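A, B, C, D and E are the chain letters, set down in written order, and residue numbers restart from 1 in every chain.
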Amino acid sequence: MNDKAELSNASASASMKLIPSGDKKWIILGLIIFVGLFTFPIWYNMLKCSAPIQPVVLSAKAKAAGYCVLPKSEMVSAHMQILDEWRDIVVREGERTYTSPSGKIFTMSLSNTCLDCHNNQAEFCDRCHQYASVKTYCMDCHVNPSKSLKENMQ
Amino acid sequence: MKNSRRKFLKIAGATAAGLGLSTTAIKALESTTAEPPRAPDPHAAPAVDTIKMGKPVIDETAPVADVKKNPPPSKAKQWAMVVDTRQFKSSKDLEPVVNACNKIHNIPSLNKKHEIKWIWEEEYKHLFPSLETKFLAEEVKHRPFPALCNHCENPPCVRACPTQATFKRKDGIVLMDFHRCIGCRFCMAACPYGARSFNYVDPRPNIEEFNPQFPTRTKGVVEKCNFCAERLAKGQWPACVEASNGAITFGDLDDPDSDVRKVLKNNFSVRRNVSLGTEPSVYYII
Amino acid sequence: MKNFLISLVAIAALWLIPYFAANVAVLKLLIAVIIPYAAVVIFLVGFIYKVIDWSKSAVPFRIPTTAGQQKSLPWIKANNIDNPFTKMGVIIRMLLEVLAFRSLFRNTTMSVSETEHGKRLAYKTEIFLWIGAMAFHYCFLVVVLRHLRFFLDPVPACVQLVEFFDGLMRVEFFSSVFSIGLPGIMMSGLILLAAAIFLLGRRLFNAKVKYISLMADYFPLQLIIAIAISGIFMRHFFKVDLTAVKQLSMGLATFSPVIPTNVGSIFYIHIFLVSMLVMYIPFSKLMHMAGVFLSPTRNLTADTRMNRHINPWNHDVKTHNYDEYEDEFREVMKNAGLRVEKE
Amino acid sequence: MLETIFKGSKSYWTLVTILAGLIAVGAIFYIKQLQVGLGITGMSRDVSWGFYIAQLTFLVGVAAGGVMLVLPYYLHNYKKFGKITILGEFLAIASIIMCLLFVMVDLGQPARALNLWLHPTLHSVLFWDSLVLFGYLFLNLLVGWTVLDCERNAVPPPKWIKPFIYLSIPFAFGIHTVTAFLYCGLPGRHFWLTAVLAPRFLASAFAAGPAFVIILCLILKKYTKFNAGKDAVQALSRIITYALLANIFLFLCEVFVAMYSQMPSHMVHLQYLFFGLHGHNALVPYMWAAMTMMAVAIFMLLVPSVRKNESYLAIACVLTFVGIWIDKGLGMITGGFVPNPLHQVTEYMPTFPELMISIGIYSIGGLILTFLFKMAVSVREEVSQDL
Amino acid sequence: MKPDELFRTEHQPPETEWTETPAEIKKGYYCYASNPKSVEHLDLPHARAWNPLEEDWKLPENWQEIFLNGFRERLTKFRTLKIFMDICVRCGACADKCHFFIGTGDPKNMPVLRAELLRSIYRNDFTTAGKLLGKLGGGRKLTVKVLKELWYYLFQCSECRRCSVYCPYGIDTAEITMLGRELMNLIGLNIDWIATPIANCYRTGNHLGLEPHAITDAMEFFTEDIEDIVGYDCKPAVFEEKADILFITPSGDLFADPGTFTAMGYLMLFEYLKREYDLKVTWSTYASEGGNFGLFTSNEVMKRLNAKMYAEAKRLGVKWILGGECGHMWRVINQYMTTMNGPANFLEEPVNPITGTKFENARANKMVHITEFTADLIKNNKLKLDPSRNDNVRMTFHDSCNPSRGMGLLEEPRYVIKSVCNHFYEMPANTIREHTFCCGGGSGLNAGECEELRMAGGLPRANAVKYVNEKYGVNTLGTICAIDRAVLTETMNYWVPGVEVAGIHELVGNALIMPDEKKRTKNLRMEPLPGMEEEESNE
C-alpha cells in the first residue's frame, strides 16, 4: 500500500534489522574527543618529555647549620603556614622571637632569618614552587637581602 | 590565644594522622600547645640579632634638655616623642632626620599627589593651624617642623579601620598591618593630622636607596610612621631619634623617669590639635 | 533516610580503608598506584562501553520536545533554539542545555494559595536548584582543571590562570581555633562543597525529593562531599608534601609510578575516594554527563514535516486497505450516495 | 519569570548591547587600574576619596529613595503606589549593587575585600555600612522577587513576606544614615562634622530617588505598556517637592552655622566650593550649577500647574536628580577634603580612566535595572491584559 | 466528590518508601479492561476478559518472559528508553509538573516515580549494578504486584510531555509510558477505552465506529443547521477524486458537541473557499479519523491506523492533506507519520492555491494544520471576517499538549483567534504554550469510569481558566483538540461552571462573512448573535 521498497528492509517486528544510524560517527567522534581530553596528561607529558624534578639546593650556610626552625619534613609541607603565622604574630603581637622544639632561638623574619640562610631563591624556593605550580606573593613586599632591589623586583 | 597560635610547631603530627582520627589529632595539637615556648626577655638574653644596624648613638654633649639619657628600652606602656623644634634651625637640620627614616623604611620618592611621607617638614601655620598667631616670631615662622604620625592615645584612624589593619599596640604604637589592609583609605579620612599615605602606585621602582632588612610595601595599602617598632623590638632608638642629634627624645610616657617625661617636665610643649580629643603622643617644644 | 544512612556507612568505610591501609607499605602501593590505574581503566572502558551501547540502540523516530514556536509561516517568528529546525539550532539548544542547564532554568514550584476567590494553584519560579546545579558542576570542572597541575609538567599557563582566578579572593584568618591564610583558599572547592551540601540537603529536607531518592542518589553526593572535605583538609589543615604528591601523580601519568614517603594518610584517603568515584561513574546515574548529549528529545531537529527521518527497523505492518473497507461497506455507501470504486 | 529577560524587542536588545559594550570598556580600564594602582585616578594623598566614593554616597541615596514608594503603600495603604513599589525595590537593587561595586573599585586591595567580614570590627562604621547595604540588598531582592512572582501567578504574597517588607523600611533609612556616619563622625573634617549630615542625606535621597523613579515611569509609559498612573506620579512629585525643600533648608542651616559663627575651619570648605580658595576654584561652576538646578526645580515643582504637566515635571525631575548628583557626587566628598587638615589645598578632578570605570559600573547598574524592569514590565503586561 | 474535596492542598508523600508502598487500585482512577473482541480484531496478543479489581488478571503463563523480552527488544529499538532508564538523576524538577500529581497528590504520579516503576525492573534485570546490589541498588523483581502497580500508573499518565520540558536531560515520561504500555499490550493488559476505538478505527476508519452512512448523516445535520444560519447548504464533497485537498479531522467532531460546531465551521470555511476561490476540498469516510489511539497502544498499531491517511490521499489523487483541530493526531502526523508511512512522493509539496504560500515546513510530510492554513488565508486577506459576531465570547486559549510540546503550534491558533474574536485573554504564563497543562483525559483516559482521575488531573488547567474567568469574565475556552473539547467541557462544568469549550473554527465559522449569505442572526450554536438578541425574541 505504501512505497514497498522503503519498507522492504524488515518484515516483522520480532526480527528486526538495524541499519547504522547516522549519528554513530558523531558519537564516536565525541568519545574520541572525550578520551583524548581525559588522557591529556599522558600525551602532554610524552610530548613535553617532562624532566624529573630537580632537587633543591641548600646554601652553604644552611648546610653548615644543619637544622631549620622545624624538622625538614614539616618544613617541606607546612612552611607556608609557619611564615603566615609568624608574620601575624610579629606584626600584630609584636613578638619576634621563636624557639624551635629543639630549643634553638630564631628571630621571626622572612627576609632576615629565612632568606638569610636560604638565599638562593632560584635553587631553593623556585624548584618546588615551579614544579607544583604554586605562586607566592611574599616577595611583592619582602626582599631578599642578598639581592639588589632591581633583582628583587624581577 | 597567643599560646595556641604556636600550634604550627607540631603541625606535622597532625599531618600523619590524616582525618581518620581527627579527634586524636586535635588532642595531639592541644598537648603541644599546653607548654608554649617562652619568648626570652631581650634584656636577659639578646635576640638572635641578624640585623646589624648599629647601636644607638647617644651624644651626651648635645644641647638637649639637660638630663642624662636613659639607655634604649624595649618595652613601654605608651611610647612618646618630644621634638625640640628649637634645634631645627633650617631645613638642613631636619633633612638627615627625614632621610634616615626614608632610607630605613624604603620610602619611595613620588610626585606630590602620590607621595609617601612618614616624617616630613611642615611650617608652623600648617602644623598648628589652631595655634596660629597673627604676628608669629620670624624665626618660628620659618622654622622647619617635623610632622609625623602622632600615635594618638585615642586614634580616630583605628576607630575607622574596618579590618583592624591599623591598630593600637599595647605599647601605644599605632601600627599598620600591611597584610591585612584592604586599601579603603577610611583611616586617611579619619586622621586629622594628614599623617597617612596611600600607595597609589607600586613603590618599588621609586625607591632610591634601599634597605634589605625592611620590606617594601605593595600598591594599594596605606602606610605611615611606625615609631620604628622594628628597631624598638631590638632595643634601638627610632631612626629619626638617632639621626636627630638629640633634638628628638623618645621614651615611655607612663614612666616618670623616662627621657620624655624629664624633657617635658622642664620645657613648655604643645601638641597638634588637642581639641579633637585624640591625645597625640608627639610633643613639640617650641 | 534508610538509603541515606546506608550510603553514609559505605562512605565511612571508604574513608577508613585507606586511613588504615596507608600504614602498610604494600597497601600503599595498592591505594596510590594500583587502584588509581584500575579506576581509570574501569572508567574508560565502562564509559566507552556504555556510550557505544547507547549508540547501538536505534533512534526510530524524531521526537524532540518542542518548547517554542515551530517553523511554519514566514511571518510567524519561529524559535530555532527551543524548537530547532536547523542543525545550528540543535547545536545551540544542546550548548545551552549542557553549558547553561537551559531546561532546569525553567523550573517552577507548585503551591496552593488561598485567594478571595478560593484556592489557586501557582507555579512560582524555582531558581535555586538551577543555581545549586550550576555552582556544583562548574566548580567541579574548575577543581578538575586545577588538579591538572599535578599531572602536567611544566604546568601550562591556562591551568595556572584557572588557579589564579580561583584563588583571587584572599581569605586570611588567624585564631586560636584554626587559621587560614597560606595556602590561599580556592573558591571552587568551598562552593563545590556548599553546593553539594545544598543538593544533599534537598534530598533530606524536601519531602518529594526525599521520597524519590535512592541510595544511588545519596552515595555519589556523599562521596563528592567526602572528596571535597578530604581535599580541603589536606590543603589547609593536614599538610602534605606537595612535591612528593606531584611525583606520584606524574609517575602515574608517565607510567613510571613511585610511591611517596613523606605523605600523610589524608592524601591516601583523598586519592582512594577519587578512585572510587571515577570507578563508580560508568555504573551509575553519573553517566548523565554523556547521556545528556544523546537525549533524543533534545538533540534532534524538529523538522519531521520538512525532512523524512528514517527508522532503521521500519517494518511492514498489516493494514486495512480501502478495498477491504469498500467490500464491507459497499451497500451502505451506495445508499448514502457515496461514490464506490467497484459497483 | 527570569526567562522574560531573554525575550525582548530589537530596541531592548540594542540597549542591552550598548550597556554591555560600556561595561566592557569599563572593565578594560579597571584591569588597568588593577595593574597600575589607584594612581590612574585623580585622587591624591590629600584628597584620598574621590568620584568612586562620591557615587557610593549618591547611589545609596537613590537606593534609599525607594522607600518613599514602599512606605506609603505598605504603612499607609496608599493603593496608588501599588503598581510602582516594585520599581522602587528594583531601583534599590540596582543602586545597591552599584554602591558595592563602587566600593570594590575604590579598594586598593580588592582581593582582600573579605577581610571586612573575616575581621569584623564593630567600631568601624564601614563594617556597619556593609551590613546594612547587604541587608537592604537582600531584603529588596527577597521582597521584590516574591511579590512580583506572586503577582505573575495571580496569588496574594505569602504572609511571611510582610515582616521583611516592614524591616526594609528602617533599613532604607539605615543605609543612608550609616553612610552619612562614615563622614560625620570623623574629627578634623569640619565640613562633614555636623549632625545635620544624615538628615540632609536622607532629604536629598528622598528627592533624588523618587525623581529618578518618575523619570523611569515616564520612560516606561512612553516605550512600554507599563503605566504608573497619573496619581502615583503626582504623589511622587509632591514627595520630591518637600524632600527637595528640606534638603535646601538643611543646606542653608549649614551655611548659616558656618558663616554666622565665622569659624574658619567650618567656613573654608564652603568658601572653596562656592568661591574658590587661594585661587583654587575647580568646583565653583559645578556647585553653582547644582544650586541653580535645584532652585529652578523647586520653583517648577512648587507651582501645581507646572508640576501637573508631565513634560515640565520630567524637566524638574532631571534638574533635581542632576543637581543632587553634582552636589553629592562631586562637592560633598571633595569639599570635605579641601582644604586638608593642615590647611593646604590640593584640588581634585576625576581622570578619564576613573570616569570610564564609573561609567562601566553605571552601565552594570543600568543593565541590572534594564533586566529587572523588563521582568516587571513583562509580568505587568501578562497580568493586565485588559489595559 | 465535590470540587472542594477533590482540590488537594497536601502533596506530602507517605513515610514508607515507595518501593514498600504497594499500589491500591482505586475506583474512579482506573479504566476498565479491554473487550477481548476488540483486542482480537487487530490480532493483538493475549486477548481475554479480565478485571483490574480482581486478584487474578489471568496473565499468560510466561508473562514475565514476554515482558522482559519485550523490554530487552525495546531497549535496542528505542534509544530513548535506554538513555532514559540510565541517566535520570532524580533531581525532582519534574515532580510537581504533572497535572495528575498536582491533582491527585499521589507521589507515584510524579513523573520521576512513574518512570522509576519501570526503571526498578530495568535495574534489577538489565544492569550490572542492579544485579550486584539488588534492592540496595534500587532494583525490584518483576512480580505480579509490581506489574499491577506499573499498569495502574501507566494508565494514569496522559503522555502530555510537560515534565520533559523541565527535565535537564529531556527525559520524556510520555515516551516511557508509551513503551511501557507496549509491554502491557504484549501481555494483553489493554484498557477498553483504547482497545475498542482502535478496533473501530481499523474497521470503519474512525474511533467511534461510524459507518459511512453515519458520517454522511452527521454531515447532513450540519448542513441543515448551516442552511438555517447562512441561507444555503454547504454540502461537503466526499471521496471526490482529484480534489485539491483531502481533509481529515478527528471523528469526535462529527459526533458530539461542542466538536460538532467546529465541524460546522470547517464546512462553512470550505464552502466559502469553494465559492470564492473554487477550491476543492474532499472528505473521506475510509480515512475519517485524524486521531490515532494506536499512539496509546503500540508503535505498530499506530502505524497500522495511520497508514490510511496517505493511502486515501494516494487513491483520491489529491495534491496534499489538510488536518483538522486535534491534539495527539498532530503528534503522530508531525513526528511519526512520514517516518512510518512515508515518503509521500505521490503528493505535491503543499501550496495554498489561494495565497500561493508554500508550506515549506510540511514539504516532506505533505500535511498542513488547519490553523496554519486559515492563518495564512487571513494574513493574506482572503477571508471576509466580522469578529464582532463573536463579541459575546470572551475567550482564552488552551494549548493542547501535543501541538505545543510535540509540534510547536503556538502562534497560529492565536493569530486566528485574534482575527475572529475581539476579546482574547491569556491564562497565567506558566500554564500556557510549552508550559501548558493537559486536560486530564489525553492518551485514552476519557473513559467514564476514571472520571475522578480526570477531574483531578484537569484541576491545574481548570484553575487557570477560573482565574481568567474571574478576572476578565472569560466564558469560552478555545482549544484545537477534539479530546480537549470532550474532556474540558466536563471539566469546566465541574470546576468552572459557566465556561464553554469551543474549537477555533467554530469561531471562524461565526465570523466568516459567507458569500451571498442571508442576514446572520444566530451563531453556530443557534444562539442569537451579539446585538441580535432582540430580533431573536421578536421572531
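The criterion applied here is as follows: a contact is a pair of C-beta atoms (placed from the backbone, for glycine too) under 8 Å apart; a residue touches a chain by one contact, two chains touch by 3 or more.
This is a predicted model, so every value here is computed, not measured.
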{"item": "Starting at chain A, fewest touch steps before arriving at chain D", "value": "2"}
{"item": "Those chains which touch chain C and also touch chain B", "value": "A, D"}
{"item": "Most central chain, Cα average position", "value": "C"}
{"item": "Reference chain C; chain at largest CA-centroid distance", "value": "B"}
{"item": "Two chains sharing the most C-beta contacts", "value": "C-E"}
{"item": "Centroid-based (C-alpha) most distant chain relative to chain D", "value": "E"}
{"item": "Inter-chain centre distance, chain D versus chain E - centres from mean C-alpha coordinates, in Å", "value": "55"}
{"item": "Whole-Å gap separating chain B and chain E, where each centre is the average of the chain's CA atoms", "value": "85"}
{"item": "Euclidean distance of C-alpha centroids - chain C vs chain D, Å", "value": "43"}
{"item": "Whole-Å gap separating chain A and chain E, where each centre is the average of the chain's CA atoms", "value": "61"}
{"item": "For chain B, residues contacting two or more additional chains", "value": "5, 11-12, 15, 179-180, 218"}
{"item": "Shared-contact residues (touching 2 or more other chains) in chain A", "value": "1, 6, 13, 16, 18, 73, 77-78, 81, 85, 88"}
{"item": "Of all residues in chain D, the ones touching two or more other chains", "value": "112-113, 115, 118-119, 153-154"}
{"item": "Chain E - residues contacting chain D, complex", "value": "425-426, 428-430, 467, 471-472"}
{"item": "Parts of chain A lying in touch with chain B, wherever the complex brings them together", "value": "70-71, 73-74, 77-78, 81-82, 85, 87-89, 91-101, 105-107, 109, 111-113, 116, 137, 140-149, 152-153"}
{"item": "Residues on chain C engaged by chain D in the complex (per definition of touch)", "value": "105-106, 111, 113-115, 120, 122-125, 127, 168-173"}
{"item": "Complex contacts: residues of chain C adjacent to chain E", "value": "2-3, 6, 50, 53-63, 65-79, 82-83, 85, 97, 101, 103-104, 106-110, 112, 117-121, 123, 129, 133, 202, 206-217, 283-285, 287-288, 291-292, 294-298, 302-311, 313-314, 317-322, 325-326, 328-329, 332-333, 335-339"}
{"item": "For the chain A and chain C complex, residues of the former touching the latter", "value": "1, 4, 6-13, 16-21, 23-24, 27-28, 30-31, 34-35, 38-42, 44-46, 48, 50-53, 73, 76-78, 80-81, 83-85, 88, 128, 130-135"}
